[in-house]
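One chain, chain A, appears in both complexes that follow, with chain B as partner in the first and chain C in the second.
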Partner chain A sequence: MKKIEAIIQPFKLNDVREALKGIGVDGVTVSEVRGHGRQKGHKEIYRGMEYEVDLLPKVKLELIVTDARVEEITGALLKSARTGKIGDGKIFIYDVREAIRIRNDDRGDAAL
Partner chain B sequence: MTTAAMPPSDPSREEFLASGDAVGVLSRRTSEVDQAVLRAFEETLAVLYRSGLAAIAVGGYGRRELFPYSDVDVLLLTGRDLSGSGDAAAVSCFVQRLWDAGLRLSHSVHTVEECVTLNVQNVELVVSLLDMRPLAGDARMFEDLSIRLPKFLREEGRILARHICRLARPRHDRFQNTVYHLEPDIKECPGGIRDVHLTHWLGRLRAAVGQAPPDEAIQFLSRLRCLLHYRAGRDSNRLGFEMQEEAAALEFFGRHTPADFMREYYSHALAIHRAALAAMEQAEDTGSNLLSQFLAWRSRLSNADFSVVQEQVHLKNPMQLEADPGLALRFYQFIARHGLKPAPESESRIARIASHATPRWEDAVELLRQPHALKALRAMHSSGVLKTWLPEWARIECLVVRDFHHRYTVDEHSLVAIGELAALRGSTQPEKLRFRQVLEEIEQPELLSFALLFHDTGKSVSMTDHVVESERFASQALDRLGAPADARRTVLFLVRHHGDLSLAMNTRDPADPATSQWLARRVETIENLRLLLLISYADSSAVHPGSMTTWRMEQLWRIYVETYSELTRALGIERIGGDAGDAAGASGFEAGFPTRYLRTQTPEAIEMHRALHDAAAKRGVAVDLHKREGAWSLVVAARDRAGLFASLCGAISGFGLNILKAEAFTNRRGMVLDMFAFSDPNRNLDLNPSEVERFRVTLERAILGKVDPVELLKRRPKPKLPSREAHVTGVVSVNQRASESATLVEVTAQDRPGLLYDISRTISEAGCGIDVVLVDTEAHKALDVFYITANGKKLDEEKAALLRSKLLAVIQ
Partner chain C sequence: MRSILVALSGAVVSAAVAQAQPVLDSRLSAVESAARSAQSAGDNAWMLVSAALVLMMTGPGLALFYGGLVRRKNVLGTMMHSFVLMAIVTVLWAFIGYSLVFSEGTGFIGGGHYAFLDGVGTSPNTDYAPTIPQLTFMVYQLMFAIITPALISGAFAERMKFSAMLLFTLLWTLIVYFPMAHMVWGKGGWLNAFLGGAIPCLDFAGGTVVHITSGVSALVCALYLGKRQGYLIEPIKPHSVVLSVIGACLLWVGWFGFNAGSALGSSGLATSAFVATHFAAAAATLGWMFAEWICSGKPSVLGAVSGSVAGLVAITPASGFVKPVPALGIGFAAGVICYFMVTVAKHRLGYDDSLDAFGVHGVGGFTGAMLTGVLATNAVNDALKDSAGRPQALGVVDGHWGQLGNQAIGAAIAIAIAVVGTYLILRVCDAICGVRVSPEHETEGLDLSMHGEEGYNFES
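And now, the complex of A and B:
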């Protein structure tokens, strides 16, 4: 089992969810987050006042998937979240030791 | 929730699903549980405790209202402490026996003394005793309690009642004090079964009299709760979308459509909620001196039409309604002004004649601009008056829309959105302050409220393209009310575009200039953008209580700022006829004006401007001066010259008039069109018709450079300094990148008489020409945008810096 964590642009969330739905992925945790990588922040000028926005709004997706599906899902994420510009985000993949469904004690792939 | 989750063999369930007989279910289950408790008591406790211990049914079980999977509340009433290990083991054995029999037992062990003592810890115990019923054990224990409890309740009843209310308020708050949830919890929500219990308890305590909810409503909820329990196979009280469909199709719920079924649910829940609120109000009425004094003070609000008694508005002469149906409109305007409640009898009289009153646009606006407009709207909504006056509203009444994100019905969502805007006005949360600031700059916030009432009415027809239908309904209503063209245009724009900013946020890159250009094209003007920001804020905040996160606010603000910059930039570069020269259709006087001109002016106004332009081309100047809807409007066409705009501002200010808005454009032929809206605080022009002519002549002389504005301004009294509270920090920004050919200067300052003259004079004296001007004044704040050139070109850096420092000195 793997955990896929993707930090994406907020305006790409709908596209990504559609793409995941398209390959039969239903379970995903979505969080509103802020941060920056190489994109850094940006300057906002409103009526002559300058505001520094150093942490940019992003969306974090978390999915736990079977090993067999990692490539397929990562591919869908890459395709749907990409604009080709700086700030598109990143994908991280972690090993998961165990998954347990609280309702009925299912474990491993059965719990996903 | 599936059928598979149902307990496999329960004849009661099958019988209920066939008949819908909730009363039968409740009483049958109570009898079955009684037998089980008796058996367990006999087998475990009775053998050890011949006396001094009794089992008593309390709470819902005491009332014989055991729903299929409700907890079973049993009190073990004891004469002595039972915490010793032997006693505890005996009690455990009794409890275990019942758990093994499949009952969810909720038991407690108390002495009689503890039962007749009131403290924070045992409120729930005392409340549960209101419905106590003996089950097994020492009858004398129960008798003892039965004798002592009534005396105790007589003494402590009022305090207990207030405790009960104190527990109910946070529960109502948790559900935003509304019955209109898309997937309600039919036990805990306002108007749920807990509210039925609440009125029952307050009635038993004689703290509230005559406030019982209708039987029909209680039966509906009981039937529904039985169904939810049976279908879930547990104590589940959430009426989800799937269950709404299933319940609606059942014979005993009348085989409705799900939408009609939910309408029936909401009407029952509303009746229960109202009864609960009325009962709580009675119970919480302390009659304290301070409160009485406050209420007496409020009663002074009474006038010739209405009397205010105990925070309720009564019609003084109800018979007058027949002859003067407009009284009904004034009734709700009075409520909106003072934040009072309608007296029930006055409200039902008004509901009966509401169809005879025909509200006009002015009536609607008068109500919506009041501080407690939402209170009046809610009162009108719950009495049915709102849909009588705005029949389009009936379409979304109690309308359930299956949307994962939404929490409320469409009507409730619209009202919550109006409430969110009202709440913004008083908000001190740092992340909301900038939205609040924009709201304070809006000239007619009531148009936002009107647009919010209609923005989702189209959902009654189509979910995929509801905006088109919403606009159609809003248009109907605006026609019927006789709304003026400007207001009509704004409201329809807001309804049509209310989702644009959210759409951009969710689907477009805010950093991409194409996004702000796309929005700028749709929004057209900065004024529209401000309104759209606020309607988006309100609409998104009303989706569910936590929907407008700081994160979302930041996103929304960013989209707003980017589009604002784009619109300001476009003012300088997007010209009618383009840069190259006169294009087809733009060969007239407007060639060279910013494209904003065509977006903000009506065809009639453009025709009038053309005539002025032609007249000015012949004699150098032409002036149109009129009073429109409370403010004066001045349009000037003239041949451009250095310092012309400053001269005009000086002439206006010199007459004691305050400039509210101004726009000034230059066309390719070197002719200017300057438009001003100004107020006449001393009513000089209003009261002296001859002054109008003198003003016109003075203007023409100022335009032609025949009079010095400085002389005119000398006659004007020194303005008062602004109050500390109203102080706005002056900001001057210079942007060289906004346009290829001109420098953008933005000035934000505390408004004062003569300010615009001082700013424009400073610009002229610095040897600069004003190419485009857009001036707005709201809430003591002047927001001025100038595109400036020197010798037909952008200002060089040195000149720009010098001008900035001079302007800063002027506005400080």
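And now, the complex of A and C:
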């Protein structure tokens, strides 16, 4: 099992979810986060006082998937979330030791 | 025979006239009295509405304008500054305030004749407003006394103790505002242009009394309290420019009561002041907006609404003395000048006037006071007559250069009283209860530390 964590541009969320649905992925956790990588922030001015805002709004998706589907899902994410500009985000893939369905004690791939 | 007839008919006619005379007199006096009460009804209706409009400027107008400009953790504390003054100044006004401003006393301060509103009833006070009940005049003027200290709160927002703020504004209203208002508006006041002042200062609705005094006092407060924690180090952004826009719009509308109401009747002069007020606000909005657009690249919404307030401040002393097009000029000048004051000069000088009470009210008020000396004309307001009964020349446009000096003296007295009074009062408050909150409370925010509540409870 792998955990795929993708940080993407907020306006790409719908495209990404459509793409995931298209390949039959039916579980995802989404959170609104703030952060930045190489993308520069923007400037805000209130009565002449300038503020650099470098923590930008992003969306984080977390999916736990079977090892066999990692490449397929990663490919769909890359394709749907990409604009080609700085600020598109990143994907991280982690090993997952165990998954348990709270309702009925299913474990491992059966719990996904 | 004919002469007898003529004499007879003459006697009949004169008897009839003698009989009709008392009837005509009583009918005439009935008509006069009906005309008077009709005028009184019209004037009183407008003045009661104006009083309500001026109160609306403090709450919700100023409360929202200032509340939006502070950080989320201080929104209630800031709104409370305006709201509590609606209560505390009212009580002070009833006890002694109205009397100290409007009863006859010295050139500096009024007497105790109207203390506890003794003798203030529904009959008019002919010195000030002969067509409305004195109670209406009293409550209208009260609304000015409420908003003036509320304006200062912009300078000490986010860091003053609530107890100290109550004591400060109470003493400030008593020691700075009442004398200043008496000098300019009270009968026998030194600066009163209409009721026997030695130095006739033109201040139609309170540019000197309200805005210069509050703006300069705000600067003294900002310097005395020192900068907020993290000023220029961490971002201290307005938490809701939306609230500030709503507040500024309410101020704009309320200002019609402030300025047009200062005609003290539903007259042509009220209309003239109404128009001048609106035009100045419009031009000032554009002045600030374009200055900011040119200098910093974007026309901000906060800039546009701040500009409108600057224009309203500047037109306040001039509103009953200038024509519409000069009003546009006053507004535009105030918009541009106040923009440079709060964006360039403030940062160079390095004081933390949290919400720019000095930059907008002090500087805008001074700009307006001086431009009133230039643009005031008896074509708009002919209430001042010379010894031959002709309207007096008012400002420079009427050829009266001396008025500029009078305006400057009025402003200088306001500045002097504001600086000395505010500093002494702050020292007293500091000695009694300390004026600034502790660093822990400042970090926590005034809403929780002073009032035990939060403005926005998202989980409930």
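One rule holds for everything that comes next: the second predicted complex is superposed on the first by the 104 of 112 C-alpha atoms of A that agree within 3 Å, B and C clash if a C-alpha of one lies under 4 Å from a C-alpha of the other, contacts with A are read in each partner's own complex, and residues count from 1 in each chain.
Note that in this section a contact is a pair of C-beta atoms (placed from the backbone, for glycine too) under 8 Å apart; a residue touches a chain by one contact, two chains touch by 3 or more.
Please read these numbers as outputs of a predicted model, since none were measured by experiment.
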item: Chain B versus chain C as contact partner of A:13, first or second or both or neither; value: first
item: Chain B versus chain C as contact partner of A:45, first or second or both or neither; value: both
item: Contacts of A:103 with chain B and chain C, given as first, second, both or neither; value: neither
item: Broader residue contact with chain A after superposition on the shared chain, chain B or chain C; value: B
item: Touching both chain C and chain B, counted on chain A across the two superposed complexes; value: 44-49, 53
item: Chain A partner contacts - residues on chain B that touch it in the complex; value: 505-512, 549, 551-552, 554-555, 558, 561, 564-565, 731-733, 735, 746-748, 783
item: In the complex, chain A residues that touch chain C; value: 44-49, 51, 53
item: Residue numbers on chain C that touch chain A, as the complex places them; value: 235-238, 241, 296, 298, 300, 302-303, 306, 342-344, 346-347, 356
item: Chain B contact footprint on chain A (complex, rising order); value: 9-11, 13-14, 32-34, 42, 44-49, 53, 57, 83, 85, 87
